[in-house]
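Notes for the one structure printed next.
By written order: A, B, C, D and E. Residues from 1 in each chain.
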Amino acid sequence: MPVTHTNTPAPLASTTPWQDKMQVWLPKLILSPTIVVTLICVYGFVIWTGLLSFTKSRFLPQFDFVGWRQYERLLNNDRWITACENLLIFGGLFIAICLLIGVLLAIFLDQKIQQEGMIRTIYLYPMALSFIVTGTAWKWILNPGLGLENLVHQMGFTDFKFDWLVNSDMAVYTLVIAAVWQSSGFVMALFLAGLRGIDSSIINAAQIDGASKPRIYWSIILPCLRPVFFSAIIILSHLAIKSFDLVTALTSGGPGYSSDLPALFMYSHSFTRGQMGLGAASAIMMLAGILAILVPYLYSELRGKRNA
Amino acid sequence: GEVEVLHWWTSGGEAKSVAVLKQMMEQQGHSWKDFAVAGGGGESAMTVLKTRVVSGNAPTAAQIKGHDIQEWAELDYLANLDEVAKKEGWEQSVPSVVTDIMKYDSHYVAVPVNVHRVNWLWANPAVFEKAGAKIPTNLDEFFVAADKLKAAGVIPLAQGGQPWQEATLFEAVALEILGSADYRKAFVDHDMAVLKGKKMVEALTIFKKMKGYTDQAASGRDWNIATNMVITGQAGMQIMGDWAKGEFIAAGKKPGVDFVCVPAPGTQGQFTFNVDSFAMFKQKDKGAMAAQNDLAKTILTPEFQEVFNLNKGSIPVRTDMDLSKFDQCALDSMDTFKASATSGDLVPSFAHGMATTSAIQGAMYDVLTNYYNSDNISAQDTANLLADVVEDAM
Amino acid sequence: MHSSSTSQGENGLGRWLIYGVLALMALVYLLPLFVMLVTSFKTGTDIRTGSLISLPQEWVTDSWQAAWGTACTGVTCDGIKGYFWNSIKMVVPAVLISTFIGAFNGYVISKWRFKGSDLFFSLMLFGCFLPFQLVLLPMAAMLGKLGLANTTTGLVLVHVIYGVAFTTLFFRNYYINVPDELVKAAKLDGAGFFTIFWAILLPISKPIIMVTIIWQFTSIWNDFLFGVVYSGADSQPITVALNNLVNTSTGVKAYNVDMAAAIIAALPTLFVYFVAGKYFVRGLTAGSVKG
Amino acid sequence: MAKLDLIDIRKTYPKSDLETLKGINISIEPGEFLILVGPSGCGKSTLMNTIAGLEDISSGEIRINDVDVSGLAPKDRDIAMVFQSYALYPNMTVRENMAFGLKIRKTPTTEIDAEIKRVSELLQIDHLLDRKPSQLSGGQQQRVAMGRALARRPKLYLFDEPLSNLDAKLRVEMRTEVKKLHQRLGTTIVYVTHDQIEAMTLADRIAVMKAGEVQQLGSPYEIYNHPTNMFVAGFMGSPSMNFVPITVLENSDAHACTELTGSDGKAQLLALPDKLKTYVGKKLMLGLRPEHISQQLSHHSETDLISAARFNIEILEPTGPETIAQITINDHAVHCRLAPDLSITAGQDLDLMIDVSKASFFDPDSERNILL
Amino acid sequence: MAKLDLIDIRKTYPKSDLETLKGINISIEPGEFLILVGPSGCGKSTLMNTIAGLEDISSGEIRINDVDVSGLAPKDRDIAMVFQSYALYPNMTVRENMAFGLKIRKTPTTEIDAEIKRVSELLQIDHLLDRKPSQLSGGQQQRVAMGRALARRPKLYLFDEPLSNLDAKLRVEMRTEVKKLHQRLGTTIVYVTHDQIEAMTLADRIAVMKAGEVQQLGSPYEIYNHPTNMFVAGFMGSPSMNFVPITVLENSDAHACTELTGSDGKAQLLALPDKLKTYVGKKLMLGLRPEHISQQLSHHSETDLISAARFNIEILEPTGPETIAQITINDHAVHCRLAPDLSITAGQDLDLMIDVSKASFFDPDSERNILL
């Protein structure tokens, strides 16, 4: 066979076995700082907190062990029970409403809307603000004497009543309102992205099959967005569990402690109440709750990858 | 040397007062590093302080008051100020009720800045006049007046719905009902019998009754908004510490004319005190220690005491000062302070951390605020609960 | 010819409904911003007498000047302008470093999988959920040991540590959708670990870099807890200043100044959202949603 | 069974400055099997989508059974379509995928079940009914997509490259299946494919498209044997038609002929049909399919239009059932189909038969077939 | 030019409980063009990846020029690979894509430029050098992917279905290009394809794989004409080989023969090779390629192993160059290749020639070719 090229192939710049080994170790090397830091700053600290929860620490950490005493106190603490109940109400409603609004707005925005970019930005901007910033505004708006109720009264509807902020039974719902306001735009963005990622031919197929638009969304598109729902739920529940600024800014847990949440409970007991052991116990309980959510997520994450 | 001071005085008058301190320190050749963390009556500041201490980087001085001073001292973080105290003769110029709080194990570890009287009632005389009511001096009169105000269409009692404000209100009622001795037994010594006792139940009942004279939107309201309601005549009166005065003055109102300050109903001659103070943290550096001592000294100089307390509405901790620049409320306050110090009617405010540990204080807050805001718990149960949580938190 | 009816067979009514709902929601979302804005232009008395959403009787910009330059945030009364720079000094390195590390981690976890890397990723995800209140004290002790307590470096470090979980998640989810063949091709071309990253993956990561930067920038800029606890006396971020300005223990609350300050403090994040917002949805579409 | 008329269909995508469909006119008889072929991007899918109502048309009219449906929504046109990308509903099982269209039309459950049974057995997917699409191989997915269309009995079937992702073997099977199906149901079908064998074997008529225009519409036989222009000629057939530039000459008998020059530079005469007499002296493009140049067969006598010539075989590619050889004529590479059992090696010379009776001739400028 | 020896290569993916490669033994001579074929998922890509060093092997040895490279990193094996999915670097221009491997190897710029010029002209992509991959059509992308591999001069080329995404016409062109290239460079090539024509025309040898095992390794001729088992026989060829179950009989002349039953139920005798005499009375699978059943050709005399028989033509599929007909033998559908110009319609009977000399015979149980 004719060989037209006589120049020998340029061998790779000679590599030593040492460099080859490097290539094998590099990925691990790159990851190792994060691994170490994660182990210390996440797991180490969690373990530290776990230890603390078995001590009678008050003002500052100290290691006099008292067994399960702090957990007993916690479970007997009305405020903690209220905080947990509130988290269920708040978390459940917050996630549900965010999803609902997010999906709806995303679907509406996906209808080839003019000015989509502007509307999207309006929906998204609350995410950019911190609650330290907007807490006061919300406090006003929701305050019966100053805000919405007053406004409607001034418009002549004096029977209108909107006193959730100051009503022990309803205060937790005002948290939902403000939290939904802040996060639903982000959920909208997630879903919009999901919708954009759906193969349009599936929608075409459904049209040909004779399905109406709502039917297509209900039967085909929403089920297809399952992974997005999952991501959104995870992000939202993480927000719900961590929400602290929001409660501090809006109700500080009040009236009474009717709108308290675990994060706030933990913070105030650890730092302002001089009940560090109790605070640590509540933190550990919170983490246990988070695990209950995260483990199934990871499970499906890893399983899903195998299927893909 | 350098002083780093952690405090939560950030609003206009307060900030200016601290600025004076800074200036005075700088005149003595020290530099001032300001670490201000406002919010929640120092909650954030406490968090910061704890983390800083844990990281081995404690500030020179921090705004710590009441029982917390003992806690910090017990953990051996605070510096010994006995030398300055002796040189400056604090024992002579400051009443022992106050210095006791500043001492741990009979050594000075903190410097008092001012004394607040908490059991004040602030009233808008114009509103009272219009409603034909008389400014109350005891609880019976209070309710009579409140009814009249209510009938006249004003909110009788301006109240902010935050646990510490509710506790402030309760504390005033409890002081009247229990009397100074039982007050002290209940809230300082945590005598279970008193905590669960009949008088406590009565105090709780009246406390709850007062809620009927506040407006519905009180929840979460800041105290100064409540004060503003009195200023604008929306409400008739407010039970609040003497810092409320600043709000009236800022609105251009004159004491005795546009507003009056009287002791909370039935607590004439009694004085619930709230002393702001700076605790001094141990320093390694010699220069810093010198500066720290100078800071302690400066805080208790009459010059600073005057400027600061004029700004803040409180009274100086020194009882030997010229009070000519102070207004009537302050003068009244000072008189009562001096008198009650000997009569035993000078009691620490538990609502402001003077009486007990933050753990017990917090536990009591929870019980009180829950009782105040919820309709399905009785006064008796609350009293029992109060005793339980106090015992648990001890 | 058929331009009057779209292929979807929608009628005008449906479209009006959609636009109506979208506009209404836009109003709801804008309400708090509107309240903040009008309030910031009102005078003190105007605020006390007027209603929440009424326009100012007379537009004044005093409060903006005050918030920027003269409001008290502690012993000094120089407004929040000085803290702006503090925040920038903290946010820029923290965002860049955490994004950078996240990109590398995501690259390793998705393209150089080794035994245990998946497990590690799961473990790391947990870091996203850690309530930050929990780490305050141990972290403080650690920073103290490292000699970084109350320094900007320490603060940046903390933000990086707790931001990396999210940035890694973002990049990993993005890179997992990049075909492995690209990496294989580069390997055969003789490219090593770093070359593949720099020359192949990083250049195609723009959408996800935008998402990560937006996310990190807003969360770090808006952070108060770490900022107040780990900053030094002269390096406090703007959220702390804002907090000091807004929270008064005695004295009059100047709501107009508070609002003006709040808006000023939020300007950078708003700016980032307005400018880079379109990349946000695009970047999410590009893969980070699918998980 | 429905009649479909496409009348001057034009389509310009919004934000596009090019017209994608430039006036398509096709009448499809009831029960006809029409196949659309054309290079990628010529507008086949676009045309299908407009028929289905998934895309608006810019002008023109689409009539089904003489009723203008241009304004109707897809669901009201009673059309079933198989998408090139399958477009299976990922959230539904195979059964649900197939039942979806029927359910929406409120077909009774028993009927749906019966229909699914029938179709799934036909397509050999009855054992897959409870799987999700993600658990199926490409070929299985494709069959489910077909099944979804077949479960319904619409007026019109549209198939957009329905077999493109199957492997060779399955493809042949499915092709036969489709053919049978059409014969049984007799429904009107419009079918897009890239595969020429599919086009040739399935179609009643083929429409060859290029850049949004129909180049030729006719039976497979017409398209293959009488292409109207070089594009159509070159597009159908694999290896594709060889184009050789020639100059028409007149031989001693006053018949038309031309000279073919091999790689060795020797010219050989080739007789041309007499119809070309008018072109004497002109340059033409001779279109010769590979199968019209083959080894000498003893029984094929050299007639007027079947000439023998000797060429150098440059490349030999045995494909199994036949061998493709490459030679050079007039400086152009030309493929020929040889029998597989010919014992010959590359580089040898070989006597080849050129069957000009089936050749096409094109004007080199207009590229049109001059004999049509 | 390199010799490549695969010695008992085994591969089990981590977390997988199945062995993907079950002991592959192939020796590839320097300059040889080896083609891997096999159904989807049989492990072709896995094998390629292990050769390239992109996947570790579980056991076995990979030798290039008698040096064990199993432990080497991909870059040190001096191999170039073309991926099925192109795997072009999306952020680089065509030029940069091709230069990347050279740059990393620190080739001087002038040399790189010259090389790119050469390769891009060869592949006719020199006008695209400054475009990004996203601005190229599928075919162009594929050529760039080839170019990237060709720009280097490795010991060994690996091509993983490099032409699979091209349309028919371009595919034929590129196939010729690859063939020429191999002839010119003479480099050793391992090539995966699904396309049988590609396999037949390009390969020096073909390895047919199934489920991680090599079923047969041989020249295209051997694979096509002497498949070792029914899998190989059925896999190569389109339409694929017809399998007809038969019982071996003995005819009056003591020759082996069998009976074929058409759709009309009439049995006709078919002579079998005498080698089958030992199988008299046994059931066998007769493997007949479609081209071995065709219309009677006048010049083909009926010899011993070429029998004539009459069958009913059930389906006729003219593909252009030929017509595929379907008949039924022994209740099995059988395809035959007929000439395109035969005038016959479906349903008619036709005399067909069956060429048993080229038939294969398989044991129905083991499916092995009994004559090999």
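Here, a contact is a pair of C-beta atoms (placed from the backbone, for glycine too) under 8 Å apart; a residue touches a chain by one contact, two chains touch by 3 or more.
A quick map from chain label to UniProt name: A = Sugar ABC transporter permease; C = Carbohydrate ABC transporter permease; D, E = Sn-glycerol-3-phosphate ABC transporter ATP-binding protein UgpC.
Nothing here was measured: the structure is a model prediction, and the numbers come from that model.
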Ask   = In the chain contact graph, what is the shortest path length, in steps, from chain B to chain D?
value = 2
Key: Chains most often in contact, by C-beta pairs   = A-C
Note = In whole angstrom, the CA-centroid distance of chain B from chain E equals 92
Computed distance of Cα centres, chain B from chain A, in Å = 39
Query = So what's the Cα centroid distance for chain C and chain E, whole Å?
reply = 56
Task = Find every residue in chain E that makes contact with two or more other chains and list them.
result = 73, 75, 104-105, 152
Key: Multi-chain contact sites of chain C, meaning residues that touch two or more partners   = 8, 136-137, 139, 190, 192, 243, 246
Query = Can you list the chain B residues in contact with two or more other chains?
reply = 40, 47, 50, 54
Ask   = Which residues of chain E touch chain D in the complex?
value = 39-40, 137-138, 167-169, 172, 176, 179, 194-197, 200-201, 220-221, 224, 234-240, 289-291, 297-299, 315, 317-322, 324, 326, 337, 340
Key: In the complex with chain A, residue positions of chain C that touch it   = 8, 10, 15, 18-19, 21-22, 25-26, 28-33, 35-36, 39, 51-53, 101, 104-105, 108-109, 112, 114, 117-118, 120, 122-139, 142, 161-162, 164-165, 168, 176, 190, 192-194, 218, 221-225, 239, 242-243, 246, 255, 258-259, 262-263, 265-266, 269-270, 272-274, 277-278, 280-282, 284-285, 289-291
Task = Can you check the complex and tell me which residues of chain A touch chain C?
result = 12, 23, 26-28, 30-31, 33-35, 37-38, 40-46, 48-49, 61, 101, 104-105, 108-109, 111, 113, 117, 119-130, 132-134, 136-138, 140-141, 146-148, 150-151, 154, 181, 185, 189-190, 192-194, 196-197, 207, 213, 227-228, 230-231, 238, 241-242, 244-245, 263, 266-267, 270-271, 283, 286-287, 290-291, 294, 297-298, 301-302, 304-305
Request  = Quick one: which bits of chain D touch chain A in the complex? Just the residue numbers, please.
outcome  = 49, 52-54, 73-75, 79-81, 83-85, 87-92, 100-101, 104-105, 134, 148, 152
Note = As the complex stands, chain C meets chain E at residues 115, 179, 181-182, 184-192, 195, 199-200, 203-204
